[in-house]
Amino acid sequence: MSFASDNQSGASPAVLNALMQEFSRNGTSYGTDEATKRAEDKLRDVFDCDLVAYFVTSGTAANCLALSALGDPWGAVLCHHQAHLLRDESTAPEFLTNGMRLVPVAPFAARLDADAVAAQIAAMPDDRPHNIRPQVLSLAQSSENGQVYTPVEVRALCRVAHDAGLRVHMDGARFANAVAHLGCHPADISVRAGVDVLCLGATKNGAVAAEAVIFFDRTLAREFPERMKRSGHLLSKGRFLGTQFSAWLHDDHWLDLARHANEKAQALATALTSINGVRIAMPPEANEVFAVLPRQVCAQLGAAGIGFAEWYGDAILPDKIELEREILVRFVTSFASNETGVAAVTLAGGVLSR
Amino acid sequence: MSFASDNQSGASPAVLNALMQEFSRNGTSYGTDEATKRAEDKLRDVFDCDLVAYFVTSGTAANCLALSALGDPWGAVLCHHQAHLLRDESTAPEFLTNGMRLVPVAPFAARLDADAVAAQIAAMPDDRPHNIRPQVLSLAQSSENGQVYTPVEVRALCRVAHDAGLRVHMDGARFANAVAHLGCHPADISVRAGVDVLCLGATKNGAVAAEAVIFFDRTLAREFPERMKRSGHLLSKGRFLGTQFSAWLHDDHWLDLARHANEKAQALATALTSINGVRIAMPPEANEVFAVLPRQVCAQLGAAGIGFAEWYGDAILPDKIELEREILVRFVTSFASNETGVAAVTLAGGVLSR
Amino acid sequence: MSFASDNQSGASPAVLNALMQEFSRNGTSYGTDEATKRAEDKLRDVFDCDLVAYFVTSGTAANCLALSALGDPWGAVLCHHQAHLLRDESTAPEFLTNGMRLVPVAPFAARLDADAVAAQIAAMPDDRPHNIRPQVLSLAQSSENGQVYTPVEVRALCRVAHDAGLRVHMDGARFANAVAHLGCHPADISVRAGVDVLCLGATKNGAVAAEAVIFFDRTLAREFPERMKRSGHLLSKGRFLGTQFSAWLHDDHWLDLARHANEKAQALATALTSINGVRIAMPPEANEVFAVLPRQVCAQLGAAGIGFAEWYGDAILPDKIELEREILVRFVTSFASNETGVAAVTLAGGVLSR
Amino acid sequence: MSFASDNQSGASPAVLNALMQEFSRNGTSYGTDEATKRAEDKLRDVFDCDLVAYFVTSGTAANCLALSALGDPWGAVLCHHQAHLLRDESTAPEFLTNGMRLVPVAPFAARLDADAVAAQIAAMPDDRPHNIRPQVLSLAQSSENGQVYTPVEVRALCRVAHDAGLRVHMDGARFANAVAHLGCHPADISVRAGVDVLCLGATKNGAVAAEAVIFFDRTLAREFPERMKRSGHLLSKGRFLGTQFSAWLHDDHWLDLARHANEKAQALATALTSINGVRIAMPPEANEVFAVLPRQVCAQLGAAGIGFAEWYGDAILPDKIELEREILVRFVTSFASNETGVAAVTLAGGVLSR
């Protein structure tokens, strides 16, 4: 009954079975195997375009190595003020990019918008080599606050970035949930909207540990094997990664898993709103529910064995929460969430609202 | 029938089954789970001492992050002139240690010995901060050339290193094969001999992707989680690693797997020596066979579908090989090697020797 | 008649003469010379305490290498939102510290205060190794906006930092001007107030190129020679630096130079306020005058050959300036500023106010 | 009477006077000043070609930043097995290039030759991204052992490098001495011979602290200001560097200074050979004399107040020295060496040979 994070779920049986099968036999090493080639081909089908993909085991590695391929060590990456990259990955971005600067954009706003990005770019001084120039815009889809950028929004953000000479990186740890929410083609919020590199995460949505770094522009990928190798991210049994992705993408399995997670988030939001004093902070769009809970409710849900995480207070405007009495929390559902968890919240809600 | 590398084998059914089971359910993230704790406890049993262990997915990461914990970015690491670290991992050591220098020792020798290490340390000038001072000795066990250091040899190497203020790192990608060969206690060639940090590899010997960085001195491990995190090596589903190690270590499974590989290497060496003109370059001790093949034999074995790798010519003294006619090659056996491969060599040998 | 920056002034004759004399003869290299020893001794007198000092040629190097000695590559440095370190030194902090994160504090405020620092520390999450923990507080004295922290203010800031386990770094590019303004003992706003490392700049105040990194706690300095060497900042003719500092500190010459600069800033502020529509943005305390100029005045002063720099708009609150009509500019005086420059402004003022 | 190093000499009066004059007035900052422009123009005259030059204060910075502009962080730099870069600059090359590997060439040989370089390139495996590929050849002119490469030799080395896709870097800390020895045009052993980047040192030959990084191919220089800035090597009073170079290059002053140093080296070699048991190890060509001294002579010269440095024993073949009785030492002359030093050696020689 934990909604603490989707990285606490197990893995999809389809993915596990594929691993069982693949590892019952020999295969070539360092990503030269058939499963990896199949995965890359499958990504070409899914995104309906040419692309180059590399596979790594963690989102930190995927995102930061991707950034290192998009800018110089003396450049800046614009990102949401609550970006996972900025808040939760230690100094991995600085380390793996050899020193790029992350610049937070849009304080207090739930999502990035093109105007805020344009304003930030315009505000950054340009006296080279003294000042740091923006070189990359990094978006999370779905976003840090469980919000989903529409195709129109992504296009607008990419246009602003490209017009100023920036490349666009998308942190797609929960990209599947965004596609499932929008019901759009995966390309509509990535390559067709202007995204240069998508880090597509499977780990939180049914894989064991697998993230793809997808370059829609081949020239950007040229040095990526070297970057992977020297950061220790080129697995000898690379087919561990390719196999997961092949199975995960097969027959829209990844979207089925994501749809399930999203539905559970909606059900959870409904259950939460039945509790006295609970407010949904932002309409849940993907598989995360951000809610303002009276501190007492928070304690009671915890006592009932329901897991969730306290969230950064500055995710919402100060006037939206009474910090003495209330607390902002995050619930995350996953492909593995079942009725029990939601039912427990509903039950707790009934008790608490009496 | 490939003997190209043990990283081309699949995984042991015991390890795969454990993964199936673990990932059929939820678990906590980032290595805080039960399977990871069990793996660390099990390592304490195996090495019969207190220790701290962290788990990563690649040997490159394990070795280089371990080195970064043992010295300063302005220090040197002494290693065999053919160390995998030096030859086959791009500039990962420099990158992940933030600039340490690898210094090759013992050119033309098949293995490091205490005198060569002592001589190298003595030869390095010590005008600080201009000169680079040795801070770490890195040994591979079994070695780059398939040789196994005895407990007496490891102790002597560690003593020379410690006397000069160096820490000792052991690259144990094939540590299991060394233990299996010696029939000793795992501690005899590690903690009891003076090794400070052992990178114990499971990947080449039955796991999918799992390496343990084992600190026998807890104080050296203090910053390791930060080092893992910021290099992208802290997996969210860290139990992927702990689970493999738990299963791999259980009931001496790891040693059974290694013994099998070693036996197949002996059988392979026998089969090879039956071929006219083939010489074993060094007596095989673990799971690797280095042999000098007439170039013609080399081609014929290749044509028979037998995989192996051309090896660095400088692994043996120039007078041990006629490079125009001959070639130094490496065959590697694994837990998954079966009769077929060896039989194919025997068969080829019969034909070739007629 | 340029007030664009104090780094455009020449050097004090006393400093130049000392260099002439020193370099007319031989001397030992890499900072082992007599002049360097004398400079360090002189610093002990000036700050009335034991200390270790190293000398480098640029403020960027001094500040960033100092930070690297005070924290880990995975730590954060809190600094004013307009800190020179943050705005004007490319990614030198990230590079020279191997990845520390600069965290801006106190947006819209002209200077740091203890409460803002305490609040920032409290607001930073502490889930290691995921979150970045603050390890250093960096103050500029005099500040980014020409403000001078009093001994009481520095003490309060250091107390807040030390209570939370942070070290305190002071960027003293204009430290002399602060001492001259306060008329206090140099120790009162540094070692006695709790500062751990002071980067004392001479370059902007009479030297050619000389910055001292002063460690009031010897244990923090242990690895500094290595850090200097491997970043290329250990000069072979290190006495170039020691000689400048010896002459600069001799007989309070440094404070005489700073007093002159400060007086010229006051005179300049008076001259500026005589111009219609000009407002002093913050009371000048050291050798910088920040003023809001009507855009037309700005053009006319420029046409009169008076140099100054447009400043970051966000140095003052949005309601303090009408950006369409007005512009925030910075004038800097130096030891070399003479009557002519101020007189030119006064003259221009007379004309403009008619 | 010290021959320990040419970095212990003072500075040429012409250089000092130029500094006095320049720093008696204001000037623009960060290398945008007139003196710096004049220095760059003067270099175009000296090398008779288009070029871009940047100026820094140390040879470590010049060489390592130059290397960073010539290759990738995962590339290798081939250099002489005794290169100053490899032996005496801590891990500055690794740090400032973000991880390039230095690969020593030609053990036991006094200088690099084209065949040894070609053999090394051929011997390096090329399995990307695992293996490190050579990207730069670094030559020292004059060399580590006081040898001077002729135009023919430099051309041959550059051809071998370029044919294999490497760039050529020249460490010219004593380039002036090489030109003075050869009596050639400076371009003959640099741009016309194929050198891509020359680090021209003035510090050891009459300047206070000044090194030029000269790019004969402008495209290689594109990011150099950023590299300088973020390593702290962009001086605010950059005219300190330009001024020295302008004065140093003026009217062949640099070559006059070098000729003087070279002549003193010849005189010193003559004086040394008059001592019983002393052998010149290699014919002195520039301003360094390497000699094998009986240990007793060594002590006696030291007692007579004559300074010199013990040298790396492996600079010459083991059979050229009896290490128990003898010692290899280096004497360095400079523009400031006078009769006294040589006379003292001659005098000591007379006494010792009686």
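Going in written order, the chains are labelled A, B, C and D, and every chain counts its residues from 1.
Heads up, the rule we're going with is that contacts are C-beta pairs under 8 Å (C-beta built on N, C-alpha and C of every residue); 3 or more make two chains touch, one makes a residue touch a chain.
Just so it is clear, the model here is predicted, and its values are computed rather than measured.
*Asks:* Based on the averaged CA atom positions, which chain is farthest from chain B?
*Replies:* When every chain centre is compared against chain B, the largest gap points to C.
*Asks:* Between A-D and A-C, flag the pair that has more C-beta pairs in contact.
*Replies:* A-C
*Asks:* Centre to centre, by mean C-alpha position, how many angstrom separate chain A and chain B?
*Replies:* 35
*Asks:* How many angstrom lie between the centres of chain A and chain D, each centre taken as the mean Cα position?
*Replies:* From the centre of chain A to the centre of chain D is 52 Å.
*Asks:* So, what's the distance in Å between the C-alpha centres of chain C and chain A?
*Replies:* Each chain reduced to its C-alpha mean, chain A and chain C end up 41 Å apart.
*Asks:* For chain A, which residues are shared contacts with two or more other chains?
*Replies:* Touching at least two other chains: 73-74, 89-91, 94-95, 98-99, 129-130, 226, 229-230, 234.
*Asks:* Which bits of chain D are touching chain C when the two form their complex?
*Replies:* 2, 5, 7-11, 13, 16, 19-20, 22-29, 56-62, 64-65, 89-92, 94-96, 203-204, 208-209, 226, 229-237, 240, 336
*Asks:* Enumerate the contact residues on chain D facing chain B in the complex.
*Replies:* These residues of chain D touch chain B: 73-75, 87-91, 94-95, 98-101, 123, 125, 129-132, 312-314.
*Asks:* If you look only at chain B, which of its residues touch chain C in the complex?
*Replies:* Residue positions touching the partner: 30, 72-74, 98-99, 128-130, 223, 225-226, 228-230, 234.
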